[in-house]
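We just call them A, B, C, D and E in the order they show up, numbering each chain from 1.
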Amino acid sequence: MRNELLEKYLPLTPEEKEELKSKKIKKHDVATVFLHWFNMLVWLTELITGAALIVSLNYAFMPKFFTKIVSDIYGTRGNIIRTHIFVGVLWAIVLTLYALFGWRRYLKPTLKEIFGITKDDIGWLKAKFEEVVLGKKVHYPPQDAYNGGQKLFAQVVALMVPVIIITGFIMAFHLLSPSLIRWAIIIHFGAVGLVVMGLSVHIYMALLYPPEQEGFFGMIHGYVSEYFAYHHHYKFWRKKKKGLDKPEELPPKKDLPPIKAGIFLGIVLFFSFYLTGFGLGSSGFVQRTLVAILGAFAPESVKNHSYMGHYWGVYPLWNFLVFMGLGVIAGTLFAMFLAHHKFRFRIERGEKINDFQRLVYAVIGGIIVGFATRVAGGCTSSMALSGGSVFSPGGWLFMIFLFIGGYLGAFFFRRLWK
Amino acid sequence: MAKYGMVIDLDRCVGCQACMVACKAQWQTPEDYFRTWVKHIGPVQVKDEMVFTSYVGQCNHCDNPPCVPACPTQATFKDTETGIVLVDYDLCIGCGYCVEACPYDARFINPVTKKVEKCDFCFPRLGEEDPACVKTCIVSAKVFGDLENKDSYISKKISEGNTYVIATKEINPGPNVYYKGRRSKVEAIIKTYPPKKKDTLPAKIWSNILRPFVILGAGATFIGSLVAFLFQINQGEKEGEDEE
Amino acid sequence: MGKPISRREFFKRSLLGAGAVGVTDYSYVFKKFPPGKAGKENVELIPSVCEMCFWKCGIIGKVKDGRLLKIEGNPLNPHNGEKICARGNSGIMQLYDPDRLKYPLLNVGERGKPKWKRISWKEALDTIAEKMKEFKKKYGARSIANLSHGSSSIPMRKLLKNFGTDRIAHASFDQCRGNRDVAFELTFGMGAGSPERVDLINAKAILLIGSHIGENVHTSLVKEFIEAVEGRKAKLITVDPRFSMIAGKSDYWLPIKPGTDTALILTLINYIIQHNLYDKEFVDKYTYGFDKLKEEVKNYTPEWAEKITEIKKEIIIEIAELFGKSKPAVTIFPGRQSTWYGNDTQRVRALAILASILGAVGRRGGYFFPTKIKLKGCPCPNKVEEEDYLCDTSEYPFIETTTECIREATLNDEVKMWIVYGSNVIHNTPNPQKTIKAINKLDFMVVVDIKPTEPSLYADIVLPEATYLERYDIPFMVADSRTPFIQIRRPVVQPLYESKDAFYIVSELAKRLGLKDCFPCETMEDYLNLALSSLGTNLKKVEKAGGIYRYEGKPFLEDVGENYRFPTPSGKIELYSNKLSLNDKDPIPKYEPVEEPPKGWARLSYGRSPVHTFSRTENNKWLHTLNPENDLWINEEAAKKMGLKDGEYVRLKNQDGVISDPVKLKVTPGIRPDMVHTYHGFGTQSPFLRLAYKKGMFENALITKIKLDPIMGGMAKRINFVKIIKDGKEIDFPVIKQKPSGFKKKPEKEIKIKLTAPLPVGGGQEEEEGGC
Amino acid sequence: MKKSVKRIMMEANFYLLFVNLLDYPKRAALSLFDDFLKIVKNSYPSEIPKLETLELEYTKLFINAHPFVPAPPFASFYLSSGDIYNEVENYYKKAEYLIEARDFPPDYLIYELVFLSNLLNDEKAEIEREFLEEHFLPWFGKFSQKVKESDETGFYYFISENINTFLKNRLKELRNGKTDIPS
Amino acid sequence: MIGPLYKVLGWSHGTLLIFAVIIGFFFGYALYRSGFYSAKKLAGVFYLYDFAVYKVIFFAIVVASLLLWFFSSIGLLKFELLSFHPSYLWSAAIGGFIFGIGFSIGGFCPGTSLVSAVTGSFDAIAFFVGVYLGIAIWDLGYPFIFKGLNHLGKIEAKTMMELWGIPYIILIAIAIVIVIVTFPLVDKIEKKNKI
């Protein structure tokens, strides 16, 4: 394949065309595909229920029979609005999670791509306009991963989605004042209207417009033929070919020295006491999740169980320590992200034992530690750390015996780690 | 099928406000909100006659109520069997468009439930007994009944004549609450509390700018795609050849 | 159960150990209820009688599980039926008012600044009984006075009369309808009745002087009045310087000059006699002193009347002709609150005389007779005769004991103890400072009420009375009715807190005062059964029949027999009153000019608001929102000249220099320029009324000049004059020459509406077929 | 006759202690004041006022006063949302209780505390939490604020404020699932 | 604002849970940045080649107690309103001992195993599952075998200050002395057993 193709977009010879057609190139990664189709499902229900909700003369989008059919499906119109709100809230949650956790890997690059309007994009739009409306033969400038039209639609969606969510929440939960709700209504309808405009073109282009056929399947398994990429999205193809699209690799950070880590942990512990009056803790997380799981199977027996009954309360998971555990998970992920560490499946073990043995010992260790936390009433973070800082006798005693047990254990099991 | 309405005999009414209290006792409307009201007018000189009357008002359950199209989710609707304008509280999002659209100010947003509240002719009591205000009106100035059935008491009372509606040339949503009595009284009422056409800014922006924009836009793109699709069909399938 | 019970162990020891024996057992509050079978779902309908004002309409309480949900009219009641007024509807707010009196209270602080200590009923009643016995021994039984109002105070009055004192004043005598009843007593030998005994339904013409029906709401009266005027198209003549609501509905509105009503009535009498429009046959048979009357009134000519009353003489003549034509079905409405200018009894007598010469007494369309039946009650006779009035009757021959007399008696140490029963004496009697001065001289004062009003500030003991929704009461015999009946007030809900009904208080006091034999009945129910037994029925039966027992009435002459003797000295209707002449008062009413407001001043007149019973209902949350404050009616022309605008706040200064609270102006052509009008009962000075405190103007303060009616001592209050003060500047009322006037209602163009035709569209233009 | 164990269990719970202290002052109830101090882990600064002064103070604060009752012990006075009596009676019905005493409106402070004590005895923690969170604490806080404004002796404010804080902790414990009597 | 805010200001349960997540977030961040995602580093304290665990815990206790003492002495924190673990001395001792043994075998404690599991360490996941099993054993066996084992040696005192009457600042001083003495010692041991 001629490498000057990498420089400029040139018409291809038939063999080159065949060659490119046979090769596949990755266009969308898994998360984007999942999000796209999830979004499609949500929008489908929201548009149907939404349109079915708006029936009054001044606002209606859809004809009468449509709203009739939908309200028959849902029984009472009350159900329609409840579904609309439920799906809307679900959609909002998924989007926020995606934005939070997928920021660096997915959202940031896509947004940069969408809002990076270049001369070529405008050129493409002008050309499209001339071709469709004026019927002239036109030549399209080279395009990025998303051509001008797709960028325009993506920009509309990116801007309108938060607007729709916020106004939706104001309406659904009657927030603040009726006058604000009034504005929220028309903005909500306007934003949805805008998105629907772009949507019909998007659906036509993806589904029915023959040259984009490949693009449609690209959104299902994520791959398109190189030829399609070359022809429709030359700049993207070129970047991919030159391997320029890897996100730049930042150097991984080293761990904090123990003193600095200790200070940081100390401050966190102090704030936990200052804000809530409770110290840190993680064994409670395990205990309550376990009770919740067992409770799912045999709620009555767990509820009245002499020990587990304590933890049932209103609902085992609706608790300080459980939410702290969730915070720990989020904190770890974020720490990995900031420290540019990669997510690696691994097993750490001493040289003398193999992986399987390591796993077995890990489980045995876990059982002993789990049992011990119940006897002592806490783990390192709750007894040693929190208990220690307020100088609770139990806390210090626990720590001292922990080291004793630890060194004893180390003596017998040095084989595992030496 | 019935079309319930009410006749308020202004000649009989003495403005004692018993109806307001009976309604509040029945429906526990919050502090100073009332579904029906009595506003004293006068004594004032109308043409050459002195008038001292009271504007007894409530929702007029109009034939083409301006509040129904104003409600985006159609939470408020005119019940076909009884002709009473009701509210489906599941659908009401408390936006208050209907409150603004009502020319008679017969609606309000209940601060406790955050949803709209209005007179519904004591709908839950409909079969057994008259609405609370009709029942307690000392001088039987309020008459409630089915307008469509000719020999009902209310139809007789209306056909006796001198019956007007609070409506003007410009604003006449077809109210079903009639006011009987001397013309000067009804004129005084209309002069002091004329039915108003109120359009909120968002509603105006929506109907004049946003809605046409959305319909045109969505329509255009949809038809555009359709035309392109048809164009593409009759051009026949040119399987993926590249246009240079 | 492994739950640690150490904590509970700890409590048990402490609760049981240290003096737990006195700990009250609260298990009575709740009853365990098997799931599913919740309380009674259905709503009980309990008939009773309203007491939001004294009209006693029949009501029904909708009660669920012992809690009152709503009050509605009692359809079985012949008078108001299912209709009740705004106050009737809001009775529920009085029942559940957090400021209600709850327990007997002893004032351990000083008078005026009470520090209340809750005491038991036993202790309270013992103290009161001790005090009464002590005062009786030291100063005689009549050193105890009672100021009361309302139906529940009747048992207390009975007790006091048996105890030997008759200093019992009820405000309604000298403040309200006292002089009307005395006038009717002198003329017909019987009062005008409450509800007034007027057969409005059959009347062809009605004369209404100074009474603002509609703004003053007495349910059955307003109902029948409007039915007569609008339903039966009777001709209504309203004589009122202010264009009241009822004036708007009348055929003739006569904006008379204040104080000259008697002149108008006497002119009408004279014209009717001169033109033989009177009922000759009735006059000869039933009246006495017609010739003297004819002689007396001969020079009251319409021309003279026009100058005095500023009413066109043509109108006066037209009215006289109308009465002549429609006699005897003419109702001359007696009015109710009639103490206005100081010579009011004579005015009401003139009204009675006008009705008599038209033969409208005991005839359909006119006055009718009451039908009383005797009910068994307390066995022993009063120790004191009714007539033995203690106030010196020399000056006022027909005076009953009034608040004024008791105030005077207290000030010169004749009265040592007051029992104020359900009456706000400080608020409802003019010159409150004098009342307070009298109270401070008292040795002991007891207040029985449902809410802490001003008098309770000065009381030594305050007793909480159950509201009308929580008590039985004496059987109410409505004798003044064409269809007389007896109705029973029955507790709709259990009495809240420790409030007790009147009978409990009275029978307990009777036990302690050794008068138990006079009050044999243990509870009010026994009393009711005793009373109803005289009719051959009992409480249960009557309650099952909807709380109403109807008996046959004899309202008209044809029922009582043609040669009926009126209970007057002459046995006839006394046009010429013998009693008056005996007490050298004018036997036949004469017109005496009333003092006119000096230049720059206007007369202050007051009336009722349809929504309030004076201060009693002001603190009612619902009623308060309807009509939070009163406003001052002022003539449009005068206001323009004085530079005042509608809705502005001004103050009033009266002739004695008293300056009022600010009041909102209501500029309207519907009032004469030489007077202003406001609603009574607002701007209460009592801080007790959380909502109503200082809302609106307390016009009672402005009424400092009062004139006692020469015949019965009623207090005339419409003789105070005021000026307007705006931003500190006094503004005089302009003198506007009033041409004689009198308005006749134009007949309405009959506009037939075909229901199918397009609805008549308003908008002010003249539309032939429709209207606006 | 000897009180049944159930009786003793019923009596031995802190809500009843609060009822005794918030009802009309009686010598027996005042003797429980030091138990009250133990529960709320607080000490009363000055010595306890005499019974007479407390009776006067109680009447002034909660029954009748000049110019009006500063702190009426009724929920409907503090909550403005809709028909309070219905709301309260629905709670009672939900916990399968029917209010027998009718000498006070159903939203009377003492009735609500007795209701809470019954809930505690019958271990209906869920309803107790909901009643505290949605109905009782929102108005009791305002009530205690009103008491603070007009209580000269400070005794009743001390009681109401400590009950308020205590019940707030109680609510937190209930949420965290500790349904037994708090330590 | 006087701490602990949740109790003094009477936050609703929902607010408490939000703060729980925030505190957990920084707790997880601190654990990760201290390197406790690797079992090797954690177990080092027992096998003498990396005393990070010891240093971090001890230093955290010193810093936290200093701050707690300082804030409560100037009145910004009501120390008595903090919630303390009930002191069951014998149970704490036995529990601690067994915990130590398990720690030396498994190389994790519940909190750090969660952190490490999230970063993808299979052995941490295994350990975490083990903890579930351990707790399950206890829960199910509690009514029959282990009843009361967790409530041995109960004493009233919640803190050593109550127990021995030693003021808070003195105890902190002792801890600081321990830190000053042991840290260099530990560094020497670490260097000796460097692997």
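Please note the rule applied: contacts are C-beta pairs under 8 Å (C-beta built on N, C-alpha and C of every residue); 3 or more make two chains touch, one makes a residue touch a chain.
What you are looking at is a predicted structure, and each value in this text was computed from that prediction instead of being measured.
Participant: If you walk touching chains, what's the least steps from chain C to chain E?
Facilitator: Minimum step count, chain C to chain E: 2.
Participant: Quick one: which chains contact chain B and chain D both?
Facilitator: Touching chain B as well as chain D, we find A, C.
Participant: Which two chains have the most C-beta pairs in contact?
Facilitator: A-E
Participant: Farthest from chain E in C-alpha centre terms, which chain would that be?
Facilitator: C
Participant: From the C-alpha centre of chain B to that of chain C, how far is it in Å?
Facilitator: 41
Participant: Could you please state the distance in Å, as a whole number, between where the Cα atoms of chain A are centred and where those of chain E are centred?
Facilitator: 32
Participant: Roughly how far is chain A from chain D, centre to centre by C-alpha average, rounded to an integer in Å?
Facilitator: Measuring from centre to centre gives 48 Å for this pair.
Participant: In whole angstrom, what separates the CA-based centres of chain A and chain C?
Facilitator: A distance of 77 Å separates the two centres.
Participant: Multi-chain contacts in chain C: which residues touch at least two other chains?
Facilitator: none
Participant: For chain B, what residues touch not just one other chain but two or more?
Facilitator: As it turns out, chain B has residues touching two or more other chains at 31.
Participant: Which positions in chain D touch two or more other chains at once?
Facilitator: 175-176, 179, 183
Participant: What does chain D use to touch chain C in their complex?
Facilitator: Chain D reaches chain C through residues 8-14, 16-17, 19-20, 23-24, 26-29, 31-32, 35, 38, 52, 55-56, 58-60, 63-69, 72, 74, 76-77, 85, 89, 92-93, 96-106, 110-111, 114-115, 117-118, 179-183.
Participant: With touch defined as at the start, can you tell me which chain E residues reach chain A in the complex?
Facilitator: 3-7, 13, 16-35, 37-41, 43, 45-48, 51-52, 54-65, 67-68, 71, 77, 81-89, 91-115, 118-124, 126-139, 142-143, 146-147, 149-150, 155, 157-161, 163, 168, 171, 195
Participant: Would you mind writing out the residues of chain B in touch with chain C in their complex?
Facilitator: Against chain C, the touching part of chain B is residues 9, 11-12, 14-18, 20-22, 24-26, 31-32, 42-45, 49-53, 132, 135-141, 147, 150, 155, 158-159, 161-170, 172, 174, 182-183, 186-187, 190-191.
Participant: In the complex formed with chain D, which residues of chain E make contact?
Facilitator: 6-7, 10, 12-13, 16, 86
Participant: Can you check the complex and tell me which residues of chain B touch chain A?
Facilitator: 68-74, 88, 90-91, 93-97, 99, 109, 114-115, 200, 202-203, 205-207, 210-211, 213-215, 217-218, 220-222, 224-225, 228-229, 232, 237-240, 242, 244
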